[in-house]
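Several structures are given next for inspection.
Two complexes come next, and they have one chain in common, subunit A, joined by subunit B in the first and subunit C in the second.
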Partner chain A sequence: MNIFLSSNFIKWYFLLPVLIIHFLVIIFPSLTSLILCFTDWNGFGTINFVGLENFRELFDDRVFKKSLKHNLIWTILFLTIPIAVALLGAYLLTGVKRFQLFYRFIFFFPYILASVVNCLIWKYLFHPMHGIGAYFSSLGFDFLTTSPLTNKSTSLYAVAWVDGWHFWGFLVVIYITAMYQVDESLYEAADIEGATKWQKFRHVTFPMIRPTFFFSILIIIIWSVPAFDYVHMLTNGGPAYSSEVLANFLYYEAFYQMKVGYASSIGALMFVYVFLVTGLFGLFRYLGWDL
Partner chain B sequence: MLATNYKLKGALFNHLILSLLALSIILPILILFFNSIKPQSELLNNPLGFPSTLRLMNYYEAFMFGNYSRIMFNSALFVFGTLIVCLPLSALASFSLAILSPKGKVTATIAVYLLVGLSIPAQLYILPLFILWKNLYLNNTYIGLIIIYSALNAPFAVFLMRSYMMQLPKELFEAAKVDGANTFELFYKIALPLSWPVFLTSGLIVGLAVWNEFLFAITFIQDENFKPISTILFSFSDKFAHNYSLISAASIMMAAPIGILFILFQRNFIAGLTSGGLKG
Partner chain C sequence: MAICKILIILWYAFNLIIVFFYSIIKVKKKWDVLKLSKILTEEEKLYLKYFKIIFTVILFFSYTSSLSAKTKITWWNYSDEGGGLDSNLRELVQDKFNASQNEIELEIVFKDGNINDNTRTALLAGVGPDIITSSGSSYVKAYHDAGLLLSLEKYSKEYGWKDIILPWAYNTGVFDGEFYSFPSNYETMLYFYNKTLFEENGWKLPTNLKEYEALVQEIRSKGMNAFVYGSSGWQPTHEHLVGNYFNTYAGPENVYKALTGEKKWTDPIFVESIELLKKHMLDGYWSGSLENYYAIGWDDYFSQLTTRKAAMLPIGTWGFGDTIAGFSEISDEFGWSKLPILGNYGGNPNYQLSIGSTMSINAASKFPDEAAKVINWMISDKKRVVELTKNLGFGNWLIPLKYDDKDFSEDIHPSMRDFFIDFSETTGKGDYGYTTWTFYPAEAGSHVWKEMEVVWAGDISVMEYLEEQQKLWDKARSKNALIPVGKR
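Let's turn to the complex of A and B:
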């Protein structure tokens, strides 16, 4: 029998197509990028290695430092508000029988809508001429008289609001799936002890859903790094870089300035960060920490 | 008596908070829908309410001015093209990982490889990929973007399909082997017909991801003739910046197919999207 038809080889034939396109689209360009970040290439012409020059330049770049700060704020915002709302929503959902599927359907719905659609919904609602602001001023209140998207002090939070609005329902569904795994008898025991709702959450529900909770923290940290769609569509980083984030900054440097090396160095930093975070989580799990 | 009263109060409180949360989601979407059937002139004095005069022409105009027949065709082509490439390839790989070598070094290595791939931010490779695609003349082509979408979604599809195929009864494959079936026959005569529920789920998730995708679409397709709906809607909102009725109608047209599918296949969507963690 031909060695290439032995079962050892056949399993590779089945894997090969996926591995080839995955390598072509993701791994090969990623490796290229990790090399290009040490060069000053501008997309054509010669490639000169400049060592760590790009990184030195990055940490002198005012916009980069701003973006970095905004990504940090973004991560913290998403680690607090959507998680809190989703825990509340999921916990209350476990306590109702009627309309439960309906609520779940509604909460999850924005998550499957396109980012463009969600952005347009809120661009309109934030618009001072015919959004929420216009409605309130017709009632005689001054509320949202200017769009928070065009205000330097609120733009980042307004964008995060729209992204968070579409995202928290996803967390509800993750949490509620975990909450249903909790043994009913634990709640009954807590009821006999006369525990309040909060005590039941604190001492029964939360410890039982801890793995899911930490999983959600991991994905929020990871997904906050390449956040792009909502920033690009709602403000494109403006006004005056007040909502600029790393992904949008990189996109500008890459496709408008064609600074390939420079953009690659931002991408490399993002990758190293995500890789370290994922690796740390994996290590903690491996060491048997209860994450 | 006291206890039931207390319970009733608790349930009312639950429903109060939950319905407030639900309204915070329903109202913005409802307002978008109202605006899509409102004449533009009514937006100023009736920004959020139900329209006093219906104007369904918005849909017709958005469809015509936006050249939506072409755009819908483009988006559908990207979706079905990706499904045709991504699902069979993922099924082959999953079959290999789940049935041919359920344990062992190969599976572990591939799993790690795909996991590392999932944790790479798109921004790291999008620019070299753009240059590579330019040199291969794949920019501004259907097939170019379809290959990218297939590669992006394959790890997730493999993950879903593999965990499903792991649960197929091993005896079936053993019996077929005894009957003289070769490996490929095991794949398409046994694994494929038994795995259709997971193909439905992964098809829905991958299709959803492609229909909604923005970053790669705006990067790799500049030619108006090939643009999918997501990037057109984005430039549409610049072009008709002041005609929110048309923009709303165009948005509803983009959201409607997804909304209908979500109503029909709610369970598949939710199970699929929450089982792995897809970029949202």
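Let's turn to the complex of A and C:
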């Protein structure tokens, strides 16, 4: 009885409401979903256990394979372009003295806009009849005469462009915050040595912001898995599944095909992937890698 | 009433919080939980006493007033504030119904997002509204199979609904011989066209495939798109075209046979229908090219039609409102027509049958008789039904009743009146087809539009597409998951 009244336990009583909500909203549905992936539930009627049938069907499904490939491409795209732009933008911004806050706002603004707004903006910019292409056509140039969102070979990259445009502002802010933590005396020493801007970035800035950089790598890999909103709103995975990703495929299977069990198996594989990635990072840290 | 309930809940919450924290402290210090008064000052005890008296009075009045309250019926519907749906349903249905009698209080709750997701979650939890809205027969079938809907058979007999509702619409709500769902909106596919443009150029609406293809070339030679249509913002748009070609090339009789299992979807007549659709799509019949078709959305349809960038718009009756509005601002006139028959088996020009949304009664409803009274009130006056759908541009709440000329007021647009009457007459004669989104089971129905892009991209053949479609039908048939199709 005294243990339950000790000050260590009292803290848990105050955490209880939040833990209950977390259990009801996050843990219980997640566990239910993991169980449902072994059933053929359609979301309404009886739940029948089907073992690993969903996974067998999934590994034969051409759309699943395509979606998986697109998620990997998405991860590679987001590990390169937004990071490069954000690092460059953040480094240049640290050198700006006047109106720095304004420039930071310009970079960050797309991130605070709702994804629906971003999608509508770019849909109209890409529109073949009243977008950028139509404007250049009126000047006699053939540029973006068809929307890249409607072309099989460019749709995935076009969606990634829109999502990347909204995302790199977030990276700029976290990198610039990390860059401001770097000791000024290191830059002074580098100046004395006659280092160029690039050498200062390579030998001073980047090593000092490495923990933040690897943190950004980790969150990009994890957040690439449930990428959904931009794909769903811009192309819904089309045309012809050329921009289909796992989360959008899961949504289609659950809510249009009414195959909740099958959709849960997709979710289970996504969870396993994220778990492995997070575990890998944890393992590297445990092994003493400086991440 | 709601404020009283909130105050009562706050009062109990307040008491619970006080007891919770004080009991933690008192148990820890080994104080007696019940002797709360020992730790309060005299002034604090007086305030607490007045607090309790006020809320007890409120509690008393709220419970006594609840005894004489009306029976509350809740109805969940999807929200479309921008389209005027919410305000019109509130004004013309909720407020008018509540004012017409004293026993029932109807509350329509408008849900953002997908109404089916909200409803499904609530029904599975054993709660939810008394009156349920769904997006069509495939949802009703799923709810019925799960035992979530109340049979409306006794109410149908009591109120005579079978005699008021169009037979084909009534039959889509019959499962296992009993009536479960009430169609609250019907739709069909038509053409809208720029009548003035047609007259200036001496064009005539096509009546067969040869005339159809010739007209398209003629229009395109003038630098216009033959049709404006596209799937931006609504990928399931593809199913409209599939349904159009099935019903006008293969014909409603063959579609009926495939729906009932007498024919297979891999039959040559259906392969030819989809091959023709693919040929026309890749030829740029709709919006000039496949890529443009994917980029064009609702906003572009009417702007292109009214600015003569396109001559025709193949769309459902939900396009009436914006077409009337668009042409009212220009000097051109519009016309509408049934779809032309493209194949030898197409039969007579027909209307494809479709239910846009349905209403049912929750099996867990505590007041089913009252819910049925609400539904009956809604359809018992055809003038009221027409007024509601007129306010919504005839794109919504077009309840499939047996209308005639006298049901329409003088201010209805003549095109709308002509359509209502022609639809009743044409479908009454048996000249009707079947839309995919009403008569297909869920998996097969979504496969129709999702995989159509793959056919157009050339990644799978038409035969492979129809073979996959047939497999899904066989699966639905084996699970008894088909949507009822009335006898022709």
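Methods note: the second predicted complex is superposed on the first by the 276 of 291 C-alpha atoms of A that agree within 3 Å, B and C clash if a C-alpha of one lies under 4 Å from a C-alpha of the other, contacts with A are read in each partner's own complex, and residues count from 1 in each chain.
Keep in mind that, in the parts below, a residue touches a chain if its C-beta (ideal position, glycine included) is under 8 Å from a C-beta of that chain, and two chains touch if they have at least 3 such contacts.
Remember, predicted model here, so these are calculated numbers, not experimental data.
Undergrad: Clash or fit: subunit B against subunit C, after overlaying the two structures on subunit A?
TA: They clash.
Undergrad: Per the contact definition in the header, classify A:I10: touching subunit B only (first), subunit C only (second), both, or neither.
TA: both
Undergrad: Kindly classify A:Y252 by the partners it touches after superposition: subunit B alone (first), subunit C alone (second), both, or neither?
TA: second
Undergrad: If we overlay the two complexes on their shared chain A, which of subunit B and subunit C does A:Y241 touch? Say first, second, both or neither.
TA: second
Undergrad: If you stack the two complexes on chain A, which partner ends up touching A:L72: first (subunit B), second (subunit C), both, or neither?
TA: A:L72: touches no partner chain.
Undergrad: Is A:T146 touching anything from subunit B or subunit C once the two structures are fitted on A? First, second, both or neither.
TA: A:T146 contacts subunit C only, not subunit B.
Undergrad: Can you tell me whether subunit B or subunit C touches more residues on subunit A?
TA: Of subunit B and subunit C, more residues of subunit A lie in contact with B.
Undergrad: Tell me which partner A:N42 touches in the superposition: subunit B (first), subunit C (second), both or neither.
TA: A:N42 sits against subunit C, while subunit B stays out of touch.
Undergrad: Figure out whether A:K123 sits in contact with subunit B (first) or subunit C (second), or with both, or with neither.
TA: Touch partners of A:K123: subunit B and subunit C.
Undergrad: Where does subunit B run into subunit C after the fit on chain A, at 4-12, 112-120, 220-228 or 256-264?
TA: Of the stretches 4-12, 112-120, 220-228 or 256-264 of subunit B, only 220-228 runs into subunit C after superposition.
Undergrad: Once the complexes are superposed, what residues of subunit A are shared between the subunit B interface and the subunit C interface?
TA: Of subunit A, residues 10, 43, 123, 127, 129, 255 contact subunit B in one complex and subunit C in the other.
Undergrad: Touching residues of subunit C toward subunit A in the complex: what are they?
TA: It is residues 24, 27-28, 114, 116-117, 120, 124, 138, 142-143, 145-146, 148, 232, 235, 289-296, 300, 442-443, 446-447, 450, 453-454, 456-457, 459 of subunit C that touch subunit A.
Undergrad: Spell out the residues on subunit A that touch subunit B in their complex, using ranges where they run on.
TA: 7, 10-12, 14-15, 17-19, 21-22, 24-30, 32-34, 36, 43, 85, 88-89, 92-93, 95-96, 98-99, 102-117, 120-125, 127, 129-132, 134-135, 138, 165-167, 169-170, 173-174, 177, 197, 215, 219, 222-223, 225-226, 228-229, 232-233, 246-247, 250-251, 254-255, 260, 263-264, 266-268, 270-271, 274-275, 278
Undergrad: In the complex, go through subunit A and note every residue touching subunit C.
TA: On the subunit A side, the touching residues are 5, 10, 13, 42-45, 123, 126-129, 146-147, 149-152, 236, 238-242, 252, 255-259.
Undergrad: Under the touch definition given earlier, write down the residues of subunit B that touch subunit A in their complex.
TA: 10-11, 14-15, 17-18, 21-22, 24-26, 28-29, 31-32, 35, 43-45, 47-48, 85, 89-90, 92-93, 95-97, 100-101, 106, 110, 113-117, 119-132, 147-148, 150-152, 154-155, 158, 183, 187, 208, 211-212, 214-215, 219, 230, 233-234, 237, 244, 247-248, 251, 254-255, 258-259, 262, 266, 269-270, 273-274, 277, 279-280
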